[in-house]
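Pasting a structure here, questions to come.
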Amino acid sequence: MSFDVHLNHAFGDRHIALRLQSDARLTALVGPSGAGKTTVLNAIAGLLRPYSGRIAVNGQLLFDSATGVNQPPEARRAGYAFQDGRLFPHMRVAANLAYGERLAPSADRWISNAEVIDLLGIDHLLTRFPAHLSGGEVRRVAIGRALLSAPRFLLLDEPLSSLDAARAEEIARLIERIRDQLAIPILLVSHDHAEVTRLAGEVVTLV
Amino acid sequence: MSFDVHLNHAFGDRHIALRLQSDARLTALVGPSGAGKTTVLNAIAGLLRPYSGRIAVNGQLLFDSATGVNQPPEARRAGYAFQDGRLFPHMRVAANLAYGERLAPSADRWISNAEVIDLLGIDHLLTRFPAHLSGGEVRRVAIGRALLSAPRFLLLDEPLSSLDAARAEEIARLIERIRDQLAIPILLVSHDHAEVTRLAGEVVTLV
Amino acid sequence: AEEDTQGPVVLAAASMQQAMDDVGAAWVAQGHAAPVVSTAASSALARQIEQGAPADLFISADEKWMDHLQRTGLLRTGTRGNIAGNVLVLIGRKNGGTSAIELVPGALKAALADGRLSMAEPGSVPAGRYGKAALEALGLWAEVAPQITPAENVRAALALVQRGEASLGIVYASDARTTPDLPVRAAFPQTSHTPILYPAAIIGASSHPDAAAFRAFLSGPEAAAILARHGFTPVPSSQP
Amino acid sequence: MNSALGASEWAIVVLSLKVSLVAVMLVLPVAYALGWLLARRRFPGMLLLDGLVNLPLVLPPVVTGWLLLLLFGRNGAIGGWLENQFGVVLVFRWTGAALAAAVMALPLMVRAMRLSIEAVDRRLVGAARTLGASRWYAFRTITLPLSAPGILAAAVLGFARSLGEFGATVTFASNIAGETRTLPLAIYTGLQAPGGEALVTRLAIISVVLSLGALLASELLARRMMGRGGHVL
Amino acid sequence: MNSALGASEWAIVVLSLKVSLVAVMLVLPVAYALGWLLARRRFPGMLLLDGLVNLPLVLPPVVTGWLLLLLFGRNGAIGGWLENQFGVVLVFRWTGAALAAAVMALPLMVRAMRLSIEAVDRRLVGAARTLGASRWYAFRTITLPLSAPGILAAAVLGFARSLGEFGATVTFASNIAGETRTLPLAIYTGLQAPGGEALVTRLAIISVVLSLGALLASELLARRMMGRGGHVL
């Protein structure tokens, strides 16, 4: 089971409930704006403690409200590309990329710095600070940063939005490669139907 | 001439040059990530002073480096929906929406508060603070805020990205209505080919 | 309008605080409006007068500042006179012995051992200047100088002895009598320093109708009795 | 604690509160303006202005009091003018104590304001401008409220500092019971008196309680603001 | 200005710098820890801790000096223990002057730190954690550098405050030439005698110049940080 997630949460009177059991290598999480997709990703990454539920990825238990299991984010090793980028503003792009890479055991790394920079086309941005990046540039660096932390699974929150077609195609191919060759479970949030059909083995809808 | 823009700018050694003369009611500005689309919008809105150039919208001169004309942003009356939302974090959604509305002469208003709230489906968000909104919710409120300021022209930076298909369709229809019925010039940045084909009378590519 | 209901404004050295409260009360008992008393370091008060502070009388713990004001013409001529004197004593800390200490070379040093001798700052604060002069006259300065801890004023010097941080302290007799638990180990001979005097004078810019009368009251027998009660000594040769 | 003493202590507390509150109110707008200037503008005399603002922090308070006396005394450049033009006298008045406290609090308050103004995202101001806000309106509705944490911190710091101000006050405004004898001056006076420790302790406790009250109020206010969407992030 | 005087003034300046720098270095980590606690944690004794930190601000400095004497004097609870255990004596030593300056600077420094820590976006810490950072590593690499403006402001404030500290120092550490007579104490001493204005003015100018130097250094540092992508926004 790549993703085995069951959770209940609420913000005020906004209830979010999800039951997701997927064996697909890439699972797409879709649903209208505000349905709770980002909330689910946050819960899986360990950034939000759901009211109740159970989260296991690739057979590894990350959270269980019944038994009190709650691994800290750094132990979960999610490769989370945030919807809003969330780059470290005081570090140059190169340092942002290196942040998780340095912390990952070198044996666990499955993609090299050079490869990421090349595939995402961010070579010319390495010495820039995030404040001086365009929207799409931020997104690409955020994806690169997540990939380089040697994650055990990927959480991609709308990774292709605000990218031009050519760039989006390159990154879609990269995702396909990760999915097929590396067998890293991927949970992808997307609003693009074509993208979901192309990439996902299973689609879970949140309402 | 709805948009008559000619400008030169540079960030370090990154040069951005654009010549845009469009009579279309809706002009799409496309180009790869980092091409300078947002920079152009910022210059038209008056948030960035280009090194040189001339900007006129709907026959009104907003900027001319040759003659020293440089209208302040509040005089240009752009309806700018930012790529990153840029909502006021200390105001509830309702107050964010009302911000520009209150400043606009009531004679100039061409859409009502109620209509915006209804069309964007943000009724249930009015008492929320921006920190508690999802990505798509932020985007919708940002569009609503821009529309309500009674703008003379619209600058929409990827307005439909990170919205689900149904919601995107509704907003696309709203944009069509503004374009057709109100004859407000619109400059739209988008990466979505279908969106551009559907909405734009003219497409300008930035490289 | 305020002048009618309010007595003269009196700037008095901080060490005079209590005594002035009582003198003021006695003045009021005679049917006068209560004087407005402000107490601070003599130096601060003198500077206020220099800058035209709306005050009527000045009582200094320090002849130097009074001289200075007189030279610069800020005092009403003929109104200056000493209203009290004081005596310097050596006090010891609690449980540090009570025997008298002879103020001769060797003895003070021996009593001090490796302890500290607290006194008001010897270079500037009046009590410290008198103390230094006395120690020098008695030939003791050189041997105790390294162990001196100069304090901001006499009360602070006293407090250091009270806390036991200093073994001995040089303070005014008027201060020593307020701490009966600290033994007076010696009194400095009056001849070892210039006389300790508290001069009073009317400030030149004063316009208060009661100023002269209060000034006279300060030199009168009733005030003298109150000052004596607070440990001040009478002025050697009485002046107007 | 006899009741006569209680009454005079009460008067001291009221005076101290009056002096401190007036000082803080006086300084708030000035400090904000200076904080804004230092945070948002680069101009030639900037360092000098910064230095001037910090002067009362660096100099011993007594010197600041003396400088105030030189400037605002009746013979001083500004003091003389104030008296001639408006009949305003500051020395020996509670207003003078408030001025001394204000000057001493100024550098602390400017720093707090400046830090918070620097933390406000300027792009939000740009967004407001595109929505039709003038510079001034955008300042009022965006920069000002978003720097509220700094204003609050400045008010608390300034209030506490004013409550504890001694040296400049005694030098400039003197130590007159009922007019300029604030809590610290009363404490000083108590320290001069034999056996004044009990009074000193009581007054010190009052000071502490007042400042705790101010801190509590500011924490509550801050939490209310934080509650509003955690925008103080 | 004769040369003998010049030499003794120089010694005072060196002592003042030593005392102020040691005080700031001493307080920086403590103030940061306290600022972090007050910014990021909600705990029962929070208000009390805040109150304790602000105590030296509210009380007249002489009282703070007096409390230090009670605690750190040779007969004090902590002072006695320090002397017995480590042979460390603070009263009447320059280290005592540094302690007094440190205590007086503490509340200012904590406030500045706290304001800047509160302004750090906590979501960035979350992002760091998902990238494998422990709590502590995330703190070191994200919170700490992003609150640099507060650290810098705190250092400048604390340095300036220490440079001007008089009341607590003279009470706790005494006014011993060459050991605890820092600039403010020397200035105060000069103010006591009529005609001391020339010396006072000279010493005051030295104080101001030193603090201007600190301000200049901090502005330059801040601009360098700002230059790095304007992250200080």
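The chains carry the letters A, B, C, D and E, assigned in the order they are written, with residues numbered from 1 in each.
In this section, a residue touches a chain if its C-beta (ideal position, glycine included) is under 8 Å from a C-beta of that chain, and two chains touch if they have at least 3 such contacts.
Since the model is a prediction, treat every value here as computed from it, not as a measurement.
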Required steps from chain A to chain D (each step between touching chains, minimum): 2
Inter-chain pair with the most contacting C-beta pairs: D-E
Most distant chain from chain E by Cα centroid: B
Between chain D and chain B, distance of the C-alpha-averaged centres to the nearest whole Å: 45
Separation of chain D from chain E, taking each centre as the mean of its C-alpha atoms, in whole Å: 20
Rounded Å distance, chain C centre to chain E centre (Cα mean): 35
Centroid spacing, where centroids are CA-atom means, of chain B and chain C in whole angstrom: 78
Junction residues of chain E, two or more chains touched: 62, 66, 188, 191, 233
Residues within chain A bordering two or more other chains: 132
Touching two or more other chains - residues of chain C: 47, 159
Every chain pair meeting the contact rule: A-B, A-E, B-D, C-D, C-E, D-E
Of all residues in chain C, those that touch chain E in their complex: 41, 43, 46-47, 64-65, 67-68, 116, 118, 121, 123-125, 148-152, 156, 159-160, 163-165
Chain D-touching residues of chain C, taken from the complex the two chains share: 9, 11, 14-15, 17-18, 36-40, 44-45, 47-48, 50-55, 153, 155, 159, 175, 177-179
Chain D partner contacts - residues on chain E that touch it in the complex: 46-47, 50-51, 54-63, 66, 107-108, 111-112, 114-116, 118-122, 149-150, 153, 156-157, 160-161, 163-167, 183-185, 187-188, 191, 200, 204, 207-208, 210-212, 215-216, 219, 232-233
Complex interface listing, chain B residues touching chain D: 45-47, 72-74, 76-80, 82, 86, 88-90, 92, 99-100, 103-104, 128-132, 145-146, 149-150
Chain A contact footprint on chain E (complex, rising order): 123-124, 126-135, 137, 141-142, 145-146, 148, 228-231, 233
